[in-house]
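Sharing a structure, written as structure tokens. Questions coming.
Order of writing sets the labels: A, B, C and D. Residues in every chain begin at 1.
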Amino acid sequence: MAPIPHAIQPPGRPFRLGVVGGGQGSFIGPVHRRAATLDLRFAIVAGVLSSRPDKATADGIAIGLAPDRAYTGVAEMLAAEARRGSDGIEAVAIMTPNDRHFEQCMAALDAGLDVICDKPMVTTPDEARRLAERVAATGRVFCLTHNYSGYPMVRQARAMVRAGAIGEVRLVHAEYFQSGMATPVESRPLTDKLRWKLDTARSGPSLVLGDIGTHAHQLACYVSGLAVTEVAADLGAIVPGRQVDDYAALLWRFDSGARGTCVVTQAAAGAENDIALRIHGEKGMLAWRQQAANYLEYALQGGALQRLGRGDPGLDGHALGATRISRGHPEGFLEAFANLYVDFADAIVARNAARPVADPGFPTVEAGVAGADFVAAVVASSRAGGRWTALGAA
Amino acid sequence: MAPIPHAIQPPGRPFRLGVVGGGQGSFIGPVHRRAATLDLRFAIVAGVLSSRPDKATADGIAIGLAPDRAYTGVAEMLAAEARRGSDGIEAVAIMTPNDRHFEQCMAALDAGLDVICDKPMVTTPDEARRLAERVAATGRVFCLTHNYSGYPMVRQARAMVRAGAIGEVRLVHAEYFQSGMATPVESRPLTDKLRWKLDTARSGPSLVLGDIGTHAHQLACYVSGLAVTEVAADLGAIVPGRQVDDYAALLWRFDSGARGTCVVTQAAAGAENDIALRIHGEKGMLAWRQQAANYLEYALQGGALQRLGRGDPGLDGHALGATRISRGHPEGFLEAFANLYVDFADAIVARNAARPVADPGFPTVEAGVAGADFVAAVVASSRAGGRWTALGAA
Amino acid sequence: MAPIPHAIQPPGRPFRLGVVGGGQGSFIGPVHRRAATLDLRFAIVAGVLSSRPDKATADGIAIGLAPDRAYTGVAEMLAAEARRGSDGIEAVAIMTPNDRHFEQCMAALDAGLDVICDKPMVTTPDEARRLAERVAATGRVFCLTHNYSGYPMVRQARAMVRAGAIGEVRLVHAEYFQSGMATPVESRPLTDKLRWKLDTARSGPSLVLGDIGTHAHQLACYVSGLAVTEVAADLGAIVPGRQVDDYAALLWRFDSGARGTCVVTQAAAGAENDIALRIHGEKGMLAWRQQAANYLEYALQGGALQRLGRGDPGLDGHALGATRISRGHPEGFLEAFANLYVDFADAIVARNAARPVADPGFPTVEAGVAGADFVAAVVASSRAGGRWTALGAA
Amino acid sequence: MAPIPHAIQPPGRPFRLGVVGGGQGSFIGPVHRRAATLDLRFAIVAGVLSSRPDKATADGIAIGLAPDRAYTGVAEMLAAEARRGSDGIEAVAIMTPNDRHFEQCMAALDAGLDVICDKPMVTTPDEARRLAERVAATGRVFCLTHNYSGYPMVRQARAMVRAGAIGEVRLVHAEYFQSGMATPVESRPLTDKLRWKLDTARSGPSLVLGDIGTHAHQLACYVSGLAVTEVAADLGAIVPGRQVDDYAALLWRFDSGARGTCVVTQAAAGAENDIALRIHGEKGMLAWRQQAANYLEYALQGGALQRLGRGDPGLDGHALGATRISRGHPEGFLEAFANLYVDFADAIVARNAARPVADPGFPTVEAGVAGADFVAAVVASSRAGGRWTALGAA
């Protein structure tokens, strides 16, 4: 993929975007909205901010929507916007509870719209495959916001692995330590968000896997260029008395024969949002950690550790293109997220121009299928006492 | 100052902003524009993007201005916007070469507009004082974008010093190592930006002091709560043959009796944009570095080093209010810059409501006066062979 | 255990020590000798430096032994030193290939000598138990040089866990990435050391587990105060064509119900000797990494990360007692190793004085038994396709 | 200088060493003794451990001296050891209060002994020059224990500068922040050590300069290969009411034209023993900090930051030769100090063999002369209101 010229003016007018979810109180709502508009690639012109009609209207107006485009339902929005014709929305961004994604994505695709959807994409492999088929059938662009793959130095790592900088990949270790559920949050009055998260009918078969396990899996696959083929897993709760999973540890094997480990938990008392990846290959290593997101560690066997910085002139075009400001001035989570929106916009432009794209470079519906398979296999392996379990075998 | 509720919806409609400078090719232009709009506190509706008329028009349209509001001159914009009445601009953001600031700020103030201006504010102490008087006389809000003071952990450091966390301040060390001029850039074809920077008639009496020395000075004063009263300085070029300053080192003394050092250079080959501050007081220390901007180091005498993180629940309200995303997910330069725009908007709201603000909490015109005095004193001291020279004595 | 007053003069004359192994070309030989003598607790007066008689004599003289005490066999040394009576050796340090430890330790114990032995202690659980019985029967002091437990900040971590600083332990992650075997070392002329290491009849059932897996296991148990009860493991070679194990990854469960992961490899191209431990408990976390051995990271849920430093006045006595120099001046591997020799000497003094010691505070023969059980269980689990396998069940 | 083969056996028998100072309660005494003996290059066989006769005897016996070689005076020791003939001491290590160094060094040289002396060498430039003349006249080896120059990665930095790795040096920044005197230690009962330190008649003209300023100066010169030619300084006490200096900040210029800053203080509350050096040259930078002593940061303009590690195979021979253990296992202060003793022994061997040594590679009496000149110039400049003052001009 050619460098994305983030630092200069956008190539043409912003696309008109409708948002679904993300009303007042949401963590991810403001992230999506800032990310979508940061580079003037999208203008948010319509939305269904909440499943509660009154809140949907108020929150929509609060984010600047015209009152008549602050809708109270997705079907209503899709129909009304279609009726607008040439100034109706062209794409939809979905940031609702996990169990709503499938139906909402399908509806938006069926309405002829491009879709950018929060992760986890859906809650079962079956839904994932049906959605992938619908994407293919409709020819719409689909972007799944595994945002860590938007970090420039993650893209640099991916480009370096691909270019053979560490040789054949042998070992992949991913970890994600969060602390948000380290205390017994269930025993306090629940927020709206916690209410649906703690309900596995809504959040999916395994809370920790849906929330952060799929991030670690996607990050590992995105950078290594490999697919996980089987897992041996231990899944459960490390906070006593908890009914949902807050911990998953697993051994994994990749299609190339590479091996490794993955550990994720939302109950790591004292941890920050600490996601990290470490890959060793035949010739050397690459390591990245969100806490130092502007850097990538690289060492060849026998050589000094190199700390590549975002903006270093020698970086790969895909990494340089994903950066907005000069070296040393830090970028963060927001810019990484926004890079997915830029990718999404670029892909729409390319599709509209019938220009083929060899490597989309961002997480597509296929990443969602792989993620759903991963969740299912980890759950199955853990239930089977840690037995090696193949992905996609269900 | 009360916490700024960044994470939630903005309090009311965005103010209408006109921008001056920052056209295609500018580093700081896109920063200002993203920062201004990130929190929906400003909408950029007019501008003079360049001093070249054709470029001004084209660049203005490229950033989304209506063609009739992509002006070719400041006076023209101020007049035309005034004529628009209720939908004309309410504030101006100035990001032009240094020698243009004074006149443009004065014009905008005289037009009754609030002003946010890039640093260095002006190029002489005299201009600085005249501008300060005009700000006072017009009652307009004036914000100077010393953006490092927008970082949440810098604000935390300031709050902690003020609260006595390290006791009486004794030692203040500031440093800013840049590498952009480590090579003889003068011998290559000059960009527009370099052309005016290398012309001291335009960039001011000392390039390195205007570009980054004022940042280091402002950061030190902002956090310590102290004012520099005298300096003993060495100023010059460390790249052979260079006609402008690229290096300044100085000893400084503060009004409280505290002492310390400051070293800044744009010619530190191999450096990143590495600005750092370290303060030791009677009881302990605080240290901050932009490369790890989301953290603040704090140690009491005899105790463990504490690494406070942006978003830690125990932070001061001024720091927590300046953060948009949860702990561990990094924020960067952009959010820090945007915090000044939020402050600027809040101050306009307060002024409009005639609500007194005890501590503006952001760099005002007074910071610009102090910066101009600092530059003048450093230049004078260096010329006098390092003699201790008082600020404001000119 | 009371603080060990390392910084002051030793309590009495040095014990007379005989060394077994560690001749010219050995990595660990000079480490043991420097560690033994650093604090004047031992004087090396006899030894069998090599299994080759001519080398044993020459290397013994080279390290300063009197020619008649540079022996060519262990039995010979034990007999001759016994005949010396009051100036004969009082203790033996064993640093031979793994398969020699059992017999040599047994012989030394039977000769009435105290023993300090390199790890892995022995190569089977059965030998481990027989050795433990002999230690108990003879009343001799036995120290196993799991040297990471000699680092002051590791001891601080252990003391803090024990004191409840992080509450009930929930999650233990240990990793050890080495690069020494990342290249196909087998295809080059073998050193003496590699020759026996690559021979599993000599190095034990699993090279990576014996070399570094037991270190990771001991470190995790030492700090957490817990015992591993079962493992689900993946063991093998990640360098193509290798006949010995160079990689082990496993899920583990502890007697308290805590869980976690462990990954160790000697084939991590580009890695340093990177051993690290991370423990999350009910209330917070502790993390230690050899690369920053003088520090311990500690964070309570919701609080700042604290970086405790070796020598901080508030540390636990067991950590402070294991430090020789003031805060900020780094100590390293050697001092950590030497701390085990100090412990060993202190235990001999205590035993000689018939003074009971509640907590030896260093790795004893029981750590060797646990390590042998760990190796056996990991091997068995991996062979059984990752099935959860209990330790000590063989 | 050829690599020093530290890891292998010593080249020949240890030299017999007499120690002066360092009795019970001393910080530096045990450091010297461990450093001297770590590599079997010296055996401590005689000493005057204290200026108080009874303590001298008791402390000498406590460190293992024969009672008749635990002397009570330097003259007595020199005479008695000379009478021993072939088993008398061959070298003297001096670790007494600063004002004793001159006379004791002169006496030892006059007795035909090689001398290793703690810093600051002496307290005036005049003494320094007289001592240098005596060293030259006697042909004895003289080593000054500026121990930071014993760190392998400091030697690597020196070798790289010399090899042109960063091009012509332009900027040298040194800092040393200590906290030992951050509190008003004068108001508490004084230890022996503090009693002489606080007496400038004994510790020299400026406490902070003698204690740590000379370290920073020597480190900067040692690595850069340059000499400081003039300073503009601010010297004094930052702890209110203190009679001795605890703070020095200065601008310095080097013989090559390079410039920079130096700040040292013993009153930095909350600091560790934090000495650091940063050098920027024409092509890039090198940075070292004792807190991460096993690493050296290196960046070329436009390139990634490289973190060279002690033991990396590509290091310079002088750095590799100064390391005892493999990469990743940390070494510290002790080994750095011991490297000076190895250098000292090597230099004695070379001198005894009449083998010329082009570059001694360790701090000699010339470093002591430069240090005394530095102290005098800083004091003079500060008294003259920061005026640029030449070294050696007194």
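The rule is simple: contacts are C-beta pairs under 8 Å (C-beta built on N, C-alpha and C of every residue); 3 or more make two chains touch, one makes a residue touch a chain.
Worth saying up front: this structure is predicted, and the values here are computed from it rather than measured.
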{"item": "From chain A, the most remote chain by mean C-alpha position", "value": "D"}
{"item": "Chain pair, A-D or A-C, that carries the greater number of C-beta contacts", "value": "A-C"}
{"item": "Between chain B and chain A, distance of the C-alpha-averaged centres to the nearest whole Å", "value": "35"}
{"item": "Separation of mean Cα positions, chain D and chain A [Å, integer]", "value": "55"}
{"item": "Distance from the mean Cα position of chain C to that of chain A, given in whole angstrom", "value": "43"}
{"item": "Where chain C touches two or more other chains at once, by residue number", "value": "271, 298, 303, 305, 309"}
{"item": "Residue ranges of chain A in contact with chain B within the complex", "value": "7-9, 24, 27, 30-31, 34, 37-38, 40, 59, 62-64, 178, 271-274, 290-294, 309, 324-335"}
{"item": "Chain A-touching residues of chain D, taken from the complex the two chains share", "value": "298, 302-309, 312-314"}
{"item": "Residue numbers on chain D that touch chain B, as the complex places them", "value": "166-167, 170-171, 173, 175, 177, 179, 182-183, 232-234, 236, 238-239, 247, 249-251, 258-261, 263, 265, 267-271, 278, 280-285, 298-301, 303, 305, 385-388"}
